[in-house]
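Look for chain A in each of the two complexes below; its partner is chain B in the first and chain C in the second.
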Partner chain A sequence: MSPRQTLLLLLLHVLGTLCLPILLVGVVNRTKSWWGGRKGPSLTQSFRDLARLLRKGSVVSATATPLFRAGAWVVLASALLAAQIAPWIGPLAPLQFRHDFILFAYTLGLARIFLMLSAMDVGSAFEGMGAAREAAFTAFIEPALFLLVGSAAIGSGDASLAGSIGHWHAASSFPWLAVPAVLVLLVLLQAEAARVPVDDPATHLELTMIHEVMVLDHSGPELAAMQYAAAIKLTIYAGLIAALLNPFDAQQAPMSATAAAIALMIAVAIAVGCVESLVARLRMRTVPAYLLSATVLAALMLAVSSWLTEAR
Partner chain B sequence: MIVADACGLVPTRDLVAQPLERMIADCANAMAGGDRLCSLFGRACAGDLLVTAILQQSRHGFAVLRGRAPAGSRYPSLTPQFPAAHLVERELFEQSGLTPDGHPWLKPLRFDGAQQGRMHTYPFFSVRGHDVHEVGVGPIHAGVIEPGHFRFMCHGERVLHLEIQLGYQHRGVETLLLQRPVRSLTPLVECIAGDSSIAYAWGHCTAIEALSGATLAPEAERVRGVALELERIAMHLATLAGLATDIAFLQGGSSYGRLRTAIINASMRSCGSRFGRGWLRPGGVRCGVDDLRRQDLLDTLAAFAHDIAEVNALMLGARSVRSRFRGTGKLSAKAARELGLVGLAARASGVAIDARADLAPMPYAERPLAVLVEEDGDCLARARLRMREIDESVRWLQQLLAAPAGVLADRASLAPIGPLRGDAIAIAMHEGCRGQVLHALETASDGTLLRYKVADPSASNWLGLALAMRDNDISDFPICNKSFDLSYCGNDL
Partner chain C sequence: MNWLSAAVIALLSGAFACLLPMRNAARVAIGLASQVLATALVLGVAVPVAFGGPTLDAHMAWAYPVGMLSVHLDALGAFFLVWSLPMTLLGSFYAVGYLHRHFNDGRHLGVHFALLNLTSLSFLLVYTGDHALVFLLGWEIAALAAWLLVIWDYPNQKVRFAGFNYLVSTHVGLIFLVAAFMILYTRSGSWYLAGFGRWMQVNPGSERNIVFLLLLASFALKSAFFPFHSWLPRAHAAAPAHVSALMSGVIHKAGLYALVRFILLIGRPDEWMGWLLIGFSLLSAVIGGLYTVSQRDLKRMLGYSSTENVGIAGIGFGIGCLGLSWNDGTLVALGFAGGMMHVLNHALFKCQLFYAAGAIYRGTHTVDMERLGGLARFMPWTALCFLLGGVAISALPPLNGFASEFVVYSALLHGSAAAAWAKATLLAVAAGLAFVGAVSALSITRAYGVVFLGNPRDPAVATPREANRWMLAPTLLHALGVIALGLLPALGLGLVEGSVRLPLALVSGNHTAALAPLHGLAGSLSLISALALGLTASIALFWWLRERAGGPARSTHVTWGCGHTQPNARMQYTGSSFSWDFSRRFRGILVLLRRQKAPDGYFPTDSYLVGNCVDAVERRLFSVIKHGDESATDLSRLLREDSPRFAFAAGLIAVVIIALLVAVSGEALG
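Coming up: the complex of A and B.
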């Protein structure tokens, strides 16, 4: 593969991380509408919503400090940065180096910290409650990500996030671990992108919200940044699943690999939409158990992965 | 004590006003004997206050007690012995200034009269302790719902106590009702709680008919039954749609809402209003159910019955739904009975109380409806009871609509309303979708109204919600609230 081709693929990656969030949110909403017997909004509706929000002014709580406004943009910037570390087409990403998954995890962590800080900055009891929930639940999912990437890295022998996920399919452990890996990634997606059954992005009930309650006081461009960042997180995890399962080699058949990756991400979005349509939200006190089950599964995967790799 | 006749009439000339303490003691005796205190209200009379208590005797007829006391006097409270009296005593205190001594929870109900605009002074109960925090919600909410303030005292996510402060919708209904000509009150009565228009209008009509001595065609009473059951089905569907939405169960949320439209549109085709406004008037009904309409309603109900069975099966069949509802917001039968809960909330906790069966007015006397009860008292019981009540109402309606022509009035049927009888109290009660709606009208000797008392089922039930929330997760409040689905404006009047 020529450097020019690689550059093109990387440009495609960046372009994808910017455009696919709109499409995937549209697909999720369309799927939900279909199950509900409705026609549903157009696939690009969320783009129009964002454009509308960007044209609006914003209202800021009297107790808020500049941190509140900065929060939304830090969240968006972090999500965009993380999207450049995570692969979606294949085993490559614009930002790729050894152990970059630590940067990936804590870039998302930085976003979370700023989300929580800006939530608490407005001095509302709800938002404090949402921040407390977010902080507690994060503790249950963070290990899952590391254990998953660890299993992939052991299997593929590559220590970068894109490399370990993208090359894993060549490893002997992959046939055994592909399904659990997808499950863990789906739970991570639901937790990180605030989807049912962990959270409900459509609810209007302040007391039951986790992510939504923290953005209640955001309006106009800041709200647009928050919503776009949430869509990007959805895309990141859908992209990880696509990179994991992609049957084409991005080096040899870049076009087919890209098409397959987009198809896989749409499939993930449809799966997310189906779960949201057919399952009610979990009771708040059972959410930790649900998240913890992903961590336990990932821990088992790590053991199996290292055992299978050793045995070879 | 004077027992009302079959029409719910009590002549006030025969009613001897006892000293207030005596009257309260009689009231306590009657309650100890199993009577239920439905309402307690006062009105000024020659410098004194005349207090009237309305009791339902072992759930059948009504009895009236009257007491007299100088303004501002005190009396021993009934509440320590009968917690169910807490609400009517607070109401009497707020409306007439009579203080119940020993009342444990003497707080403003709706900031009536001179208290208006002082809602920020509400004396909230406070829980103190390490890590206890308060969460206040409302009166302005994120959804399109009525205003009310909920204050949760929490330990982490667990609710230790919930205090509900209402009154934001207080419109002075009881005063308004005295300011307008008594013959043109029905449109106003229909708006007291807009989602129970029929239940309210029916009670008002019954009271006016009793006072005027009008005899109603049974065909017209049956049409009223059709109207009320359609309203019940529509309101139960609205609640179920809300419950499904609140737990993010998409299929229930979108289907129940669609089915409700089918029912309220059927009301619209029958009387011109989706909420049944203008359908009932004193003397009968303004729109009948002719053969064409009868067939239309039967077709609508048949299609509805098929769909609702499917949606209910989806909803109850989903494990995730059952796990959210089961054991959430539990209210024991004992608590429900002690607090004097009424209507669906009481029946879901195992208390069989239903004015349609207990008082059996026409047309329920000739075609009885089963009183359905659930034992568990949790959100699942309340959701399931709504589903079963919908099925029962559909069955009842189908039976009535399939009866031979002539059973239902096929056009407007309005008996003439003569002058209202003077010196009388008329009491009427009908079972709306939330529970019994009580109207009590007292006339002066010339037939004009002296007092119009309204009692909404929600007023008795709000404290039930507060108790059901104890020891639950704060994030489960929305589904508890929705499962009770109480009216704010019915409480606030």
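Coming up: the complex of A and C.
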């Protein structure tokens, strides 16, 4: 594969991380409308929403410090940076080096900490509650990503996030671990992108919100940044599942690999929409157990992966 | 060498001289001047050694029982000296601002500054002494000076209790250390650390194992690893802020220095030593992290976070230890470099956080999170420093905490372990470290969010002013260090490379090749910091452009109260409500006390809820003492003193035992 082709693929990757969030959110919403018997908004509705928000002015709480407004942009920048480390087309990403998934995890951590701090900045009881839930729940899921990527790295012998996920299907452990890996990634998606059953983005009661309650006081461009960042997180995890399952080799057949990746991501979005329509969200007290089960599953995967790799 | 002796003389004479003048200002000036001089002298010697210069060795005749005093300054000691003394100096400058109101109230500040001088002196002794007694002397000076510094506010009974608690703990640690040194002396016949090393390198076995365990216990007490940390939360909460900062950031790093020093002396540790160290450190990191979550005293929380961070550094050293026993140079380089960088980084951001906490205490006279709030508006610089330190301590990019944890992670994930189970275990440790990272992000968000953001919670708390310049300058300098080591990771790696070469010299193979992954990391980290700089610059530019263009209209309004129109400051989420969701799931580990009176009746008047998290180890310790006392009482109740049969039997048994002892000792002597 020529360097020019690689460059084109990387450009496509960047373009995808910018555009796909809008498409995927559209697909999720359409799926939910379909289950609800409605026609639903157009697939690009969230783009129009964002554009409208960007044109609007904003109302800022009198309690807020400058951190409140900077927070939204830090969250967006961090999400964009993380999206350049995670693969979606195949085993490649613009930012790729040994153990880059540590940067990936901690960049998302930076986004989270600024999200929580800008929520606490306005001094509202509800937003503090949302931040507390976000902090508590993500602590239970954080090891899962490391365990998952660790099992992938042992299987594929590649130390970068894109390489280990994208090359895993050549390993002997893959047939055994593909299904649990997708499950773990789905739970990670639900936790990080605030989807049912961990969080319900459509709820109207502040007491039951996690992500939405943290952005209650954001408006205008800052709200747009927060919402776009959440959509990017959804895309990142959908992209990881796509890169994991992609049957085409991005080096040999870039066009079919890209098409397959987009199809897979849309499938993930449809799955997210189906879960959201058919399953009630978990009670708050059972969410940690749900997240912890994903972490335990990932730990089991690590054991199986290292056992299978040694047995070979 | 002469410079080092000059530094010792400067510190000692400064310590004496600052007791003499009549005015506090003159005492403080003398103390600071002598420290500046000594620091400059030591840096002049230590910096070249730390960056790979030749090792310094010197001998000096000394009175019995030391005999020949031996000074040995290699890259490891130099690395610790290079930052310990300047940070102590900064702490002394901070002390001027912190103790400012005592300048004219009759307290003798000279003593305090003399003790700070002695702390610097103890670093010189511990980090350069090659003689076991000199090492012990430095160790003991540090402990006593720290104790006296902690009880600055001695009229307060709680402070005295914390001080004695610390004194007892540190001397229990000393007993372990002395026991280990006695075994080493009897076996090696030498008082020199190098002599200890020669014996330990060739005599693996149960005695070396016992020595290792004794040393580990002693150094763990010094550095406050779990479960040897019970003295730490009390001492850190009771001491003046700069003393807490120096203890947590600098003084107790001597335990980690000694740990690395003795690993080097052992040369090729057994594999179990590495695994034990990793497991022990991970335990410390996890439990220390969990304890930070539910503390309501800001300084106590920072104290527990020391337990967490020495754990993270310990994991690095543990991997280095495994690398030594597997003869794997890359693992040695990555492990020791990660641990050492984290030690330095922790010193930088922990002092900064404690200095910020001290500024809060000076401004509001409390560090109880539940009573504070909205401080960012009154003390913006302190808030900025606390935020930077908090982001760094949660190991988030692009600050220095991320750089060192990235190296530790790379060591864990390097994958050169022979067995698959070892590889998987190290990966699981990495996942544990990820959990620790998430937990520390939680606790720092909680601390910053509750203390600095929102509205003031308690009208009884004074509205603070920004800290004075003496306090602000050291805090900002630490913040600069945090940013510099984060954005220029090559600087940090260069600083530790000299000391990493020491353990590397103990393994066979190509050392340049073993260092290559470390240099590769420098590349990755530089890339990360360039990206971070780019992103920060673009956010700033974007912001500036928007401000300039006027942007969309912006208005200010009260916080959205979800329909409730009369919000007040008491309705905000508190620290304990923030952590309740998380910490109640760890009730097996955390002792969460709740005292409450629920509202009752139609017009409830008095109701409250007080939550606190106390130390489980300390509670257990006292409950064991109590139970031991009770069972001894029960036992003595069983023995009736007035029974003649019992008195006769007891007398007979005593006579028999004495006779046996005499007979046995006669045989032994004969």
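By our rule, the second predicted complex is superposed on the first by the 312 of 312 C-alpha atoms of A that agree within 3 Å, B and C clash if a C-alpha of one lies under 4 Å from a C-alpha of the other, contacts with A are read in each partner's own complex, and residues count from 1 in each chain.
Rule of thumb we're sticking to: a residue touches a chain if its C-beta (ideal position, glycine included) is under 8 Å from a C-beta of that chain, and two chains touch if they have at least 3 such contacts.
Quick caveat, the model's predicted, so the values are computed rather than measured.
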item	value
First (chain B), second (chain C), both or neither touched by A:R98	second
First (chain B), second (chain C), both or neither touched by A:D158	neither
Touched partner set for A:R283, first chain B, second chain C, both or neither	first
First, second, both or neither for A:E222, with chain B first and chain C second	neither
Chain C versus chain B, contacts on chain A by residue	C
First, second, both or neither for A:R38, with chain B first and chain C second	first
Which superposed partner A:E192 touches (first chain B, second chain C, both, neither)	neither
Shared chain A surface residues [contacts with chain B and with chain C]	125-126, 129, 206, 216
List of chain A residues in touch with chain B within their complex	32, 35-38, 125-126, 129, 196-197, 200, 202-208, 216, 276-286
Residue ranges of chain C in contact with chain A within the complex	373-374, 376-377, 383, 387, 391, 394-397, 402, 405-406, 409-410, 413, 415, 419-421, 423-424, 427-428, 430-432, 434-435, 437-439, 441-442, 444-446, 448-450, 452-455, 520-521, 523-524, 527-528, 531, 535, 538-539, 542-543, 551-562, 567, 569, 571-573, 577-582, 585
Complex contacts: residues of chain B adjacent to chain A	133-137, 142-143, 157, 244-251, 253-255, 258, 318, 320-321, 323-324, 328, 473-478
Complex contacts: residues of chain A adjacent to chain C	55-63, 65, 67, 70, 73-74, 77-78, 81, 95, 97-100, 102-103, 105-107, 109-110, 112-113, 116-117, 120-129, 131-133, 135-136, 138-139, 142-147, 150-151, 153-154, 159, 206, 216-217, 220-221, 288, 295, 298-299, 302-303, 305-307, 309-310
